[in-house]
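Listed next: structures, encoded as structure tokens.
Here chain A shows up in two complexes: once beside chain B, once beside chain C.
And then the complex of A and B:
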């Protein structure tokens, strides 16, 4: 019984690590641009598809596949930023979001044109069996996901709090007009944050695809839902919250699946979100109401 | 009569169909304290934001030391030597006092000099030094105003623009702010100041302009127009534009 609990928690933390990374990407973009990027998941899917195409036509190593996924996601992310968010920087937030939704459709169509079958195999990370720690099992892919999250978080913290670029990002998040008056180029910050978020997304997408050993066009939808849910659970706009929200979502899903079955597993996340919106705790209220100046 | 460092000519800035500036012409002489007075809604903040590049003028020219800067991006205008202390201070609330100052020096690459400037500003604003590791959002209104001024000074601007520095501050604090403006002037700074508090501003300014409904309606030195008349028009606006 205790072993099951521990195993489920471990599995939950693993999938939670993926959700945390996805939520981090969403939060970075939302925090800086104050807009929801609905194309974030699809750009990750695009990166994974690029890697899939390469793996189907060439023999390439795992590291190169990971790099291609990241590069594809960053390229797609840049495309989204230039097309949907840069033109509407001073204008309508809704227009930007709807445009990003349109690009979501575009990426899905592009994926099905490039690789017409619904499902494609993706090279696994590791061919052997799972690692064992006493009575607990841990697949190598799961370990890789945990390691990725454990590496990205402190690197992101360091970037934001110990570099000049991070100072600029935090200034733009805090007071976009004053940041420009201080000589910070807000458009450049937006673009670079987009690239950073896309890179994190690409890495996560690669690990997800390698873990499932398959890609489908639905990957875009899946990553969007999980990432958005995790971000909202952890408190919109908070980076530590994104990580905690992701981990919590993973653990809750894992235990729900064990006790209530796989159908409840997907439902529980939405129920949780509904409950949170209804209760409206202070950390959500702070962001759902308009932020005041100074 | 010293040369004009900042020259604004026939600037028109609009918000959609509404023209907030309807052809503003004025100039700021080097080393002077020039003041822009006017009632609420006259266009003072719009002019400041247009000069700083946050708003783009529909037409007209703004020259800094002879170089055209109208329509440029805010960060290129900062690079050319203008710094705006915005209305409502807009400090970076979640960042420390020290980080706020470093943000003001964002474009500078001379790390050692930046650190020296931080120390110098702490000398001028001892309360900021006391609170240097505190989040800027926890500072009082007056302290935030000092911080906003210090942040703008970090870019070593040729012209310092200040938009209503006395807004919402207690009288003693206002005195202190204006004392600092006077000090900066003595050290050679060129200051373009927007103020609602016409009384205090006229005591300090060498030259002032009155703006009403998007146009400059008066230009002169304090004392050239009966102060009462100016203050009345600045606060209340005249019956006809």
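And then the complex of A and C:
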């Protein structure tokens, strides 16, 4: 029983690490642009599909596959930014969001044109069995996901708080007008933030596909929904919150799935989100001030 | 008309109801990701009443609308105070919960030797009232279009009234509206109930057109599509959402012009359109211009 609980918590933390990374990407985009990118998941799915296509047609190494996924996601993300967010920078947030949804439809169709079957195998990281730590099991892919989260968080912190680019990003967030007067090009910052978020998304997408050992077009919706849920659970717009929200979502899901089954798992995750939004605890209001998304 | 045309037109009219419900909320300044839930409530409620309890369709339609209104009213109570993305996410969460509840809903009874009723993820078959009553597809289409015309006419009346102005004022600036004595919360709750009833009306008609529904019909795709329809068509008039549905379902699917590339074409067009017309084709300015010109 205790072992089960520990194992579930461990599994939850590893899927939570994936959610945390997705939520980080969402939060980066939302925090900087104050716009919601519904296409975030689909761009990741598109990257994973590019890698799947390459792996089906050529003999390539795992590292190259990961790079292709990241490159595909960054390319797709750049396209989304140019078409959906750059034109609406000062305009309507709803229009930007609906436009990003329109491109989601494109990515889903492009993926099925590229690879028409519903499901394709994706190469795993490691063919052997899981690692064992006493009574606990940990798959190599899960370990890689944890490692990726542990590496990305400090790197992102360093980028945002210790580089000139990070300074520009924070300047654009807190004082957009002053930042532009100081010679910072906001459109360029937005584009680079988008690319950065897409790169994190691509890496996460690669690890998710490798750990599921398959890709389907549903990966797009799945990543968007999980990332959004984790971001909102952690309080919209805070990076540490996004990580905590992701980990919490993973652990809660693992336990509810174990005790109550997959449908109750999703039901409880959404119920939690709904209740949190309705109660609106202080940590969720911290970042939002008076700026609404409309 | 051949069956295919009738089918496409029926779908256009059916999705118009849920697009109109998203449009109504947009007028009041709220962006809902969850209108699919009330479409689903209407479909399940109406379908169960006609198949399991032998109600005639008109009574089932009224009951389904009442259920949709009640459901969105209840969801609205804790959520309508939220702004922007918070409201969108809360309605999304509510709608996904509803979809999972449809997956968990097993209520089958034997009617004339057949096992009917919702069977969780296996869906809900044999909602056959329309066939059994001998209503031809073209007649059913006429009925749906007539109801839709009534709804659009209702929108037209409201938009010309004081209530329409109040709605748009709340959408633009709720604080200002409250400061001139509008009870924002009460108006928004009323709007939510009407939007729920509209979506449910579409749902119950959809269930009886398709004769088969399953929880997956009511996922987030439908909700975001209806939001997109309202925004593409334009926020200036209730004809806007209809235009949005017509463009997507009618022009692209119906014409089979871009077979296999429909979504790619549609998605790109929508993104481009929104750059030049962020409030849709028939936005307020166009509608004012048309009104000044033709009245």
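The rule is short, and it goes like this: the second predicted complex is superposed on the first by the 286 of 294 C-alpha atoms of A that agree within 3 Å, B and C clash if a C-alpha of one lies under 4 Å from a C-alpha of the other, contacts with A are read in each partner's own complex, and residues count from 1 in each chain.
FYI, contacts are C-beta pairs under 8 Å (C-beta built on N, C-alpha and C of every residue); 3 or more make two chains touch, one makes a residue touch a chain.
Every value quoted in this text rests on a predicted model; they were computed, and no experiment measured them.
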item: Touching partner for A:95 - first (chain B), second (chain C), both, neither; value: second
item: Contacts of A:274 with chain B and chain C, given as first, second, both or neither; value: second
item: Residues of chain A touched, compared between chain B and chain C (which is higher); value: C
item: Touching partner for A:105 - first (chain B), second (chain C), both, neither; value: second
item: Which superposed partner A:232 touches (first chain B, second chain C, both, neither); value: second
item: Chain B versus chain C as contact partner of A:263, first or second or both or neither; value: second
item: Which of chain B and chain C A:164 touches, first, second, both or neither; value: first
item: Touched partner set for A:113, first chain B, second chain C, both or neither; value: second
item: Residues of chain A contacting chain B in one complex and chain C in the other; value: 293-294
item: Contact footprint of chain A on chain B as seen in their complex; value: 52-54, 73-75, 78-79, 83-84, 86, 88-95, 99, 102-104, 106-107, 144, 151-152, 155
item: In the complex with chain B, residue positions of chain A that touch it; value: 164, 167-168, 170-171, 173-175, 177-185, 293-294
item: Of all residues in chain A, those that touch chain C in their complex; value: 36, 38, 83-84, 87-88, 91-99, 101-106, 108-110, 113, 221, 225, 228, 232, 236, 263, 266-267, 270-271, 273-274, 277-278, 280, 288, 292-294
item: Complex contacts: residues of chain C adjacent to chain A; value: 26, 29, 31, 78-79, 82-86, 88-90, 92-94, 96-97, 100-101, 103-104, 220-221, 224, 227-228, 231-232, 260-264, 266-272, 274-275, 278-279
